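Quick heads-up: structures coming right below.
Okay, so chain A shows up in both of these, paired with chain B first and chain C after.
Presenting the complex of A and B:
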């Protein structure tokens, strides 16, 4: 596959094949001198979606957001929102609103005035402004804080004000830049579900930028995994987790064991891959489009592998190993096991019962195995 | 061992050296701690150079003018019965209120200072804004240019305006040569020249506090305003301007207060009609040799200036306490 083909990721219309995309990014490139921040990204987002752009810092996800809101112009390519080309439209005329990572609340205005700001700018009547502000303050449960200044609020309350302020104009697209990044873990988990509830209630299309894969998995209808200015894969949370299309995606989302190998037997319903790291032939129980002797990687999630004290019956995908480290996490136990090749493999095993007799001790010789269809073959 | 620990142990050894230790011990015995000493320096400075002179002036303002040396009466006197007599003369203050000249001079000083402050603000704000929005490496050069005039004596800079304004000065010569005017304009010794002089001289005092306020303004607030539908002009008036009020107040105070008492600029550039309190003060001291009245003039000026400043400070502090 050439990189060009990878970049122009044509998304399957989501759910309904006849659906028309609501937000359309076509071949967006953004360059700063010789540095390419966003590299030929095409992306369709559908109305009412909660789309997550997931990537590490500097992958270009925030730049995409800034181009959608109009703070930056793409070097090439076009952005369409609800069928209207956004080229040259300044931020204050766009029907998008942004929730900033730092919230960007106006420090000299109280909660009410902050939230009313977009409506005042749009020239709404005072009666309507008051009514809508009251409604949204109710929704984000800030009633007792309406007269307070932002500096008198906690981080979580400030986050609600920012959300209310960016939602009150009912934008066609709400852009959220690391919306939960400044909250502590517990509050973040609560707020995630609240955010989803509000999004469903209002039916506004959300585009969330985050570096937190758990957050993306929880929130998103679809996730776009970004690195180095490109979107590597677009798909639902389950799709990107269970069917990653590349080594990068499989490693970025969740943890994974990657075995490098070469195709030795290629039939219609199974493939045999010889891997020095695994120390055996890996049997893949379905056909894979590959050339004979092609270099491939098999990505297997830790929870899809088993450990047993005795060698199980069967001949495929069973490897002898030594327990290297054990970490008891409560709901599950994480094992690091060492193969003969020296490779460390991560395996998680759920703790079904309260007795810890089933937990293997360090240094014990065990057998690890996985099902024929547990792994995903990725070409690069 | 790293150089920093070496350095700090070197400094430590200085503080532990006998002369230092002994001094510290001695000061400690008479009730001075290190912290007390640090605070003592500015306290003594203010006491000697501000409070005591102020009390001296206040004392003189309550005495009577004499043709003597010093040219005022003493407040404390031993009378013939050996009693200590205190005579306070409030006549000087009454005289100031009674004579319209002083009130007019005060009002005129305030008028000139206020108008100059407004012009400083109108000119200084865009400059401060521009510097604050410039790239970081350019800012220091621009600030340097603002401070640069201070390297020349204030008196010389005011003098140089005479060269611009006089009948055969630079401005008139240029306008005459261009044929725009046929007769030289009278600019020197007018209120106009005084305004130009004050605005020119005090502009940096407006720009610097405004700059230090505006540079702290987070650009993301303006982005948020734009994102929420505020056009650039609206964003300026609704976000930037309200948030720069502390800078505006600080700059205005720094211009207004010295401008009210300004003596040199109206003396050099102003005409006989330019009545400012600084000049009245000069005349009372040096021409009339009426030290008590001159002292009363300066005491009233101080009170009139300090009260609004204290009020504003108080208000700002209570605002801070709120947020």
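Presenting the complex of A and C:
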């Protein structure tokens, strides 16, 4: 094994077939009457990971969290934490702690007492409680607010109290339910990095549930994309963004242009897909496992397409289009261009220099093109 | 424009006069030296002294306070348990029926409540020999039943306003159900418990109708004594008694709201 490979394995234990998962969900199903909230989910999480469950509301991600913390029992399947089966273990005996979306701070206790509560209940000695509370208050920088009641704190401060309280018992697994959902954008970005720092510092395994794909991309070592009670794809941020395995994942994470088409030419090193929407044959510069004439989709990210005023040389993946809308965002410009088929394609183009004059105006006829490896072929 | 500026203060003054003028006049006349209730004969506190010498009134007052204290405490415990079951124990069969039935005594005419309780006590005595006769015990039972409904309604609304996730958080952080109740639920709903108890106390203290049905010889409550006195003609010592009651209730309510205000801070 080369050192490079070894590095990858210590940083990304899921690549190592011999690594033992720390949290193990086996065929978890949760039903409410005829409604299936979680549908046969299996998931391995490794020690020290910051795993994000990403999905829209009602996709079952919060239900998974509640089953891990013990508030709900799975209809079938089992949960293991550090090798121990959690079936029938009540929430107060599980070595997981949860940071609630609403923070759930105790309104009648001040910051210090809120944070100390888990240790008080666990029967720690007063000296040790004080020392540990002080330590963690230092870490989340709440020193001047220690005596305040939760109602006297701002949203960001409340969030830090909730984090400190859920971390003080050093749980084996910390569950975070939309941890940054209630913060405004700027604070959220700052807190994301703070959260990652704390996670690395303590080495506790985090499981974050979020509907915000940007948050998931920033925080996670791996992301599980959920919909309708199922995990559609598990992978690192780069993997799920660049190699989505389905239409759903490609659309859910980032924005994407999806061209529907049928395979017309299938060789070992390239595939030709005829697409009515694109109005041409799309050339994919690598082999794809597919049947002849199979219907599939090519997903291309907006930033992987180019706009030019004149037709570039070459014959593949160049389409004539008209600029429909232009949005100047500062760091980049977003174009909506209309193809002959009527399909609107979204393209972003970075503004490299201040004097960049290459901003196309609405109504201009342009050519769009992309490299033959820019898109991902998804079967469904 | 100018008249508009006066409309609000005038309505406020008129409204509060309507509410408080009778009480103020009652308080003033309690210090009346004259034996005639409606004729002012100079300032005096002799009716208060007179009151404290009246054994019947003092006995009834002490009895009323005892009954109010015991029945409001029992009502608090039972009402709190009932609302915990209805709000916190998830869905169960007949839940909405029970929830509606618990507040029915609020709108039930007191005459009917009193009469039905009397019938119950009489037939229970015939069947089991308990309660033997009517007296303090039957009044306490009767007051507990109708006060419980008020406590349950107040506590229920506080419980359903309360963020359930804080109870879950406590559980998640290592507290078993019992600890969750004493560490989290109880302190959070404490203001509702205090106001529920106070409401039950005052309701029990001034109940006349139900007590008249279920009381027996030697167990006349204060409102019953006042009522029977007034039937013989309004005497100034009744004014003094009423003033004392207003004073006690006012102090209790001001104290309770002060406590709750402190809690909020």
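Just so we're on the same page, the second predicted complex is superposed on the first by the 363 of 380 C-alpha atoms of A that agree within 3 Å, B and C clash if a C-alpha of one lies under 4 Å from a C-alpha of the other, contacts with A are read in each partner's own complex, and residues count from 1 in each chain.
Heads up, the rule we're going with is that a contact is a pair of C-beta atoms (placed from the backbone, for glycine too) under 8 Å apart; a residue touches a chain by one contact, two chains touch by 3 or more.
Keep in mind that this is a model prediction, so the values were computed, not measured.
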Once chain A from each complex is brought into register, does chain C clash with chain B or fit beside it?
clash
Going by the contact rule set out at the top, does A:106 touch chain B (first), chain C (second), both, or neither?
both
First (chain B), second (chain C), both or neither touched by A:327
neither
Once the structures are superposed on A, label A:344 by its partner contacts, choosing first (chain B), second (chain C), both or neither.
neither
Partner chain in contact with A:312 - chain B first, chain C second, else both or neither
neither
Between chain B (first) and chain C (second), which, if any, makes contact with A:19: first, second, both or neither?
neither
Just to be sure I follow: which residues of chain A are touched by chain B in one complex and then by chain C in the other one?
69-71, 90-92, 94, 96-98, 100, 102, 104-108, 117-118, 121-122, 165-166, 169
Chain B residues touching chain A in their complex are 218, 220-221, 223-231, 234, 238-239, 242-243, 322-323
Tell me, which parts of chain C touch chain A in their complex?
163, 165-166, 168-176, 179, 183-184, 187-188, 263
Residues of chain A that touch chain C when the two form their complex
69-71, 90-92, 94, 96-98, 100-102, 104-108, 117-118, 121-122, 165-166, 169
What residues of chain A sit close enough to touch chain B in their complex?
69-71, 90-92, 94, 96-98, 100, 102, 104-108, 117-118, 121-122, 149, 151-152, 165-166, 169
